[in-house]
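Chain naming follows the written order as A, B, C and D, and within any one chain the residues start at number 1.
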Amino acid sequence: MTGIDRDTLAARIARDIPEGAVVNLGIGAPTLIANYLPDDLEIILHTENGMLGMGPAPAPGRIDPDLINAGKQPVTELPGAAYFHHADSFGMMRGGHLDVCVLGAFQVSERGDLANWHTGAPDAIPAVGGAMDLAIGAKDVYVMTDLLTRDGTSKLVAECSYPLTGVGCVSRIYTDRAVFDVTPDGLAVSDVFGDTTLDELRELTGLTLTDQRPEAATPLATRHFSPENGAGRAEIDGSRGGNTP
Amino acid sequence: MTGIDRDTLAARIARDIPEGAVVNLGIGAPTLIANYLPDDLEIILHTENGMLGMGPAPAPGRIDPDLINAGKQPVTELPGAAYFHHADSFGMMRGGHLDVCVLGAFQVSERGDLANWHTGAPDAIPAVGGAMDLAIGAKDVYVMTDLLTRDGTSKLVAECSYPLTGVGCVSRIYTDRAVFDVTPDGLAVSDVFGDTTLDELRELTGLTLTDQRPEAATPLATRHFSPENGAGRAEIDGSRGGNTP
Amino acid sequence: MISKTSAGLADAVSDIRDGSTVMIGGFGRAGQPVELIDALIAQGATDLTVINNNAGNGDTGIAALIGAGRVRKVICSFPRQTDSYIFDAKYRAGEIELELVPQGNLAERIRAAGAGIGGFYTPTGVGTLVAEGKETRTIDGREYLLELPLRADVALISAFKADRWGNLVYRKTARNFGPLMAAAAATTIVQVDEVVELGDLDPETVVTPGIFVDRVVPLGERPWLAAGEFVGAEKVA
Amino acid sequence: MISKTSAGLADAVSDIRDGSTVMIGGFGRAGQPVELIDALIAQGATDLTVINNNAGNGDTGIAALIGAGRVRKVICSFPRQTDSYIFDAKYRAGEIELELVPQGNLAERIRAAGAGIGGFYTPTGVGTLVAEGKETRTIDGREYLLELPLRADVALISAFKADRWGNLVYRKTARNFGPLMAAAAATTIVQVDEVVELGDLDPETVVTPGIFVDRVVPLGERPWLAAGEFVGAEKVA
């Protein structure tokens, strides 16, 4: 086995999201993560079209046309939900109040630049939506993607060749082959899936990768958001401030 | 009789406010105007600490500490009222959505500069509050004041000597002796009270004053806000846009 | 007595002029004032600039307005959707202009217009194609773009209930751009399910105060509601 | 389970440090979180910068904090009131610093901090003393000042009701700066009359979503209310 499938990856990401986190799951594959958030933990989903406390898809016949997510699919509201207008919703993101945002990607550079809105193809109709706001819109911006494109080239690159969505905004990349943290020294592998090896990842990406797997010498970077503490006990010096980890 | 008293002046200003207007009455003398707004007309009062649809002072024993005006006096709420936070409230003003704001003044220049927050005395503790926002915060900014200070000098001046609250922001000045419109050519008298004469006003103020009284050759400037039309029939080209008349 | 209730849809949009900039509320179909747009199509104004998050869905509402050839330019964040084929065709034929604005900057630019802000520095879009030609500035160690207000001659929006002063409440995620656009247009026209008695809206829960609203058109309850309560529908409208 | 309810006032303010910038909600006495301020006085943090619309009333709340010598600097719009004698004396004695900001700019600067805006152009204050040293810019024919965000380490605010996720509703004009400050501080601490069950606050009417709130302290119903309804009081608190 060379890696894991998309649902397994979604479950892996879900496992890393602590109770109390406020999370925006981007359109596409990241929405799968919602299916794997544990029922016994309270994790609050944000949708940028104006809601916190978003619940799952409604039952048939219970679709409310006034209640949709950013992908324009019908959703539901959970107890504790709140509605707000678009300026407030994007202020929440831009102001660094979301804990985690998970996005898809065309390319991610080793400095954390993200390209996920435009292939630059001359006949494409450009459409950015909330992608650029999301890219800077959380304390941690995670990417969920296959490591390779369909034609076998790496989506992790030294420099993005596609138009950027955001500069230096990604903190972690979850792929079907491994998990990468963006560090000041480039990408660090913190987990590998299946029989993937570090050398193989280096060959596929052409990048210098450091080894930060728990079994390796360097420990996993400590999380700055601790589920035990709960949001109610956040430390004063900035756990809710700023966009950069 | 050389002029009118403060209550008569308040009643005179009230008469000029059409039904449907949204009005902010500044702290001090302008609050008297509320007593003279006709009961059979709906005029909506704004208080910058977060309310539209403000009603009169409460009955004794019915003072709600959570319900005050900008002068921190207890008020009431009328049917049709709405509450909002300070950024929304001042956005309303700065965005030019209020129809009329009436303010007190230390000095008004013939170009409509207003000084009403600070005498510039070296021992004074400066306190501006919402004065500068109010000064630019309505389509029409009216001043209500005595023409002369206690020591007999004119509050209408060629240039304000006190620190400014706003530049060129006043559109009309109601005094105990006369009503003045601010025009590109300086101040124009549109009404005089008691036995006041134009020559007397010219002497008291030392300003060139034009005569725009209805009985004079030039007619009263037409109102741009017509009660018959009602706000619901406002013309599209800008009756709610911009701060300048 | 103040009454902002219009005689009807046609009356409410009767004075919209050729060449106007028209903000249209809604995110996709949620909150899109389709009946007001239909009235605008019937009214005939053309050469319009439309500001909305999208560029129309299917062949109704904004898509129909574009399809009727009334729209010179669209300012939006996300024109390309699975059902935006009317816009797509016009765009590829070079028959419509597009100004693309990231969604948060779009919302904030509209908010700035309503709130009297002359311009603002946003981190969104820095280092990307949308920054081209825009002033950048480093403040407190972070880089920002200068963005300017987006105003309109007219806003067409959809809300849930109004009173005769024009106070509005919305329903769920249909709120989206409505409160922002109401404040940013010279004339704001709102379609609602119902105009309730003055005093029936709780002043604590009014989302758009009537100061931002010029005309209200009640259209009656939508089929998936009964006495204001959701009773279910088969699909997203 | 998320629960932002604190063990009590003392616990809620226990980690506020010397030298912190503290936003304090309220306009005059309405919405001023007097009990949280009393707890802060008891806790002892000093050398504080306080951001509020005023500089204290009488000898309670912010006035008591200033009187206790804990405040190095006040950022406000209107320090001088009939009952601001504690601030007045400190100021005249040169024992406290004052940064005066027009009220609307104060609100907008706090809003900018919460909303991730790096700076904004405001027409308020142009050509006046408060423009001194500030960049001016003409945009679309009108002159503006550049104003920068106001952030804080801690916000102390007062609301009416909360749930355990920290969603808040306010009462009447006591709302004032609360929703803005909640978003602009690294840690937001709120006193409320009551913490209700999750789901008891209508999602349409939540004013401050819980994302902006860290700790909530329920204090019980105030004397002029009964079961949430106003029953009357003798004076403004």
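We adopt the following convention: a contact is a pair of C-beta atoms (placed from the backbone, for glycine too) under 8 Å apart; a residue touches a chain by one contact, two chains touch by 3 or more.
Just so it is clear, the model here is predicted, and its values are computed rather than measured.
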item: Any chain in contact with subunit A as well as subunit B; value: C, D
item: Minimum number of chain-to-chain contact steps, subunit B to subunit C; value: 1
item: Centre-to-centre distance between subunit D and subunit B (centres being mean Cα positions), rounded to whole Å; value: 29
item: Separation of mean Cα positions, subunit D and subunit C [Å, integer]; value: 33
item: Multi-chain contact sites of subunit A, meaning residues that touch two or more partners; value: 51, 77, 83-84, 87, 90-91, 93-94, 243
item: Residue numbers of subunit C (touch at least two other chains); value: 108, 111, 115-117, 122-123, 170-172, 203-204
item: All touching chain pairs, where touch follows the definition stated at the start; value: A-C, A-D, B-C, B-D, C-D
item: Residue numbers on subunit C that touch subunit B, as the complex places them; value: 1-6, 15-17, 20, 111, 113-117, 151, 153-154, 163-167, 183, 186-188, 198-199, 203-204, 206, 209-212, 214-216
item: Residue ranges of subunit B touching subunit D (in the complex, touch as defined); value: 47-51, 61-69, 72-74, 77, 83-87, 89-91, 93-94, 113, 118, 123-133, 136-137, 163-167, 243
item: Subunit C-touching residues of subunit B, taken from the complex the two chains share; value: 19-20, 22, 42, 44, 46, 51-53, 77, 79-84, 87-88, 90-98, 136, 230-241, 243
item: Subunit C residues within the subunit A interface of the complex; value: 27-31, 53, 77-81, 88, 91-92, 98, 100, 102-108, 110-111, 122-130, 170-180, 207, 222, 224, 230, 232-237
item: For the subunit C and subunit D complex, residues of the former touching the latter; value: 108, 112, 115-123, 137, 139-140, 142, 144, 148, 169-172, 202-205
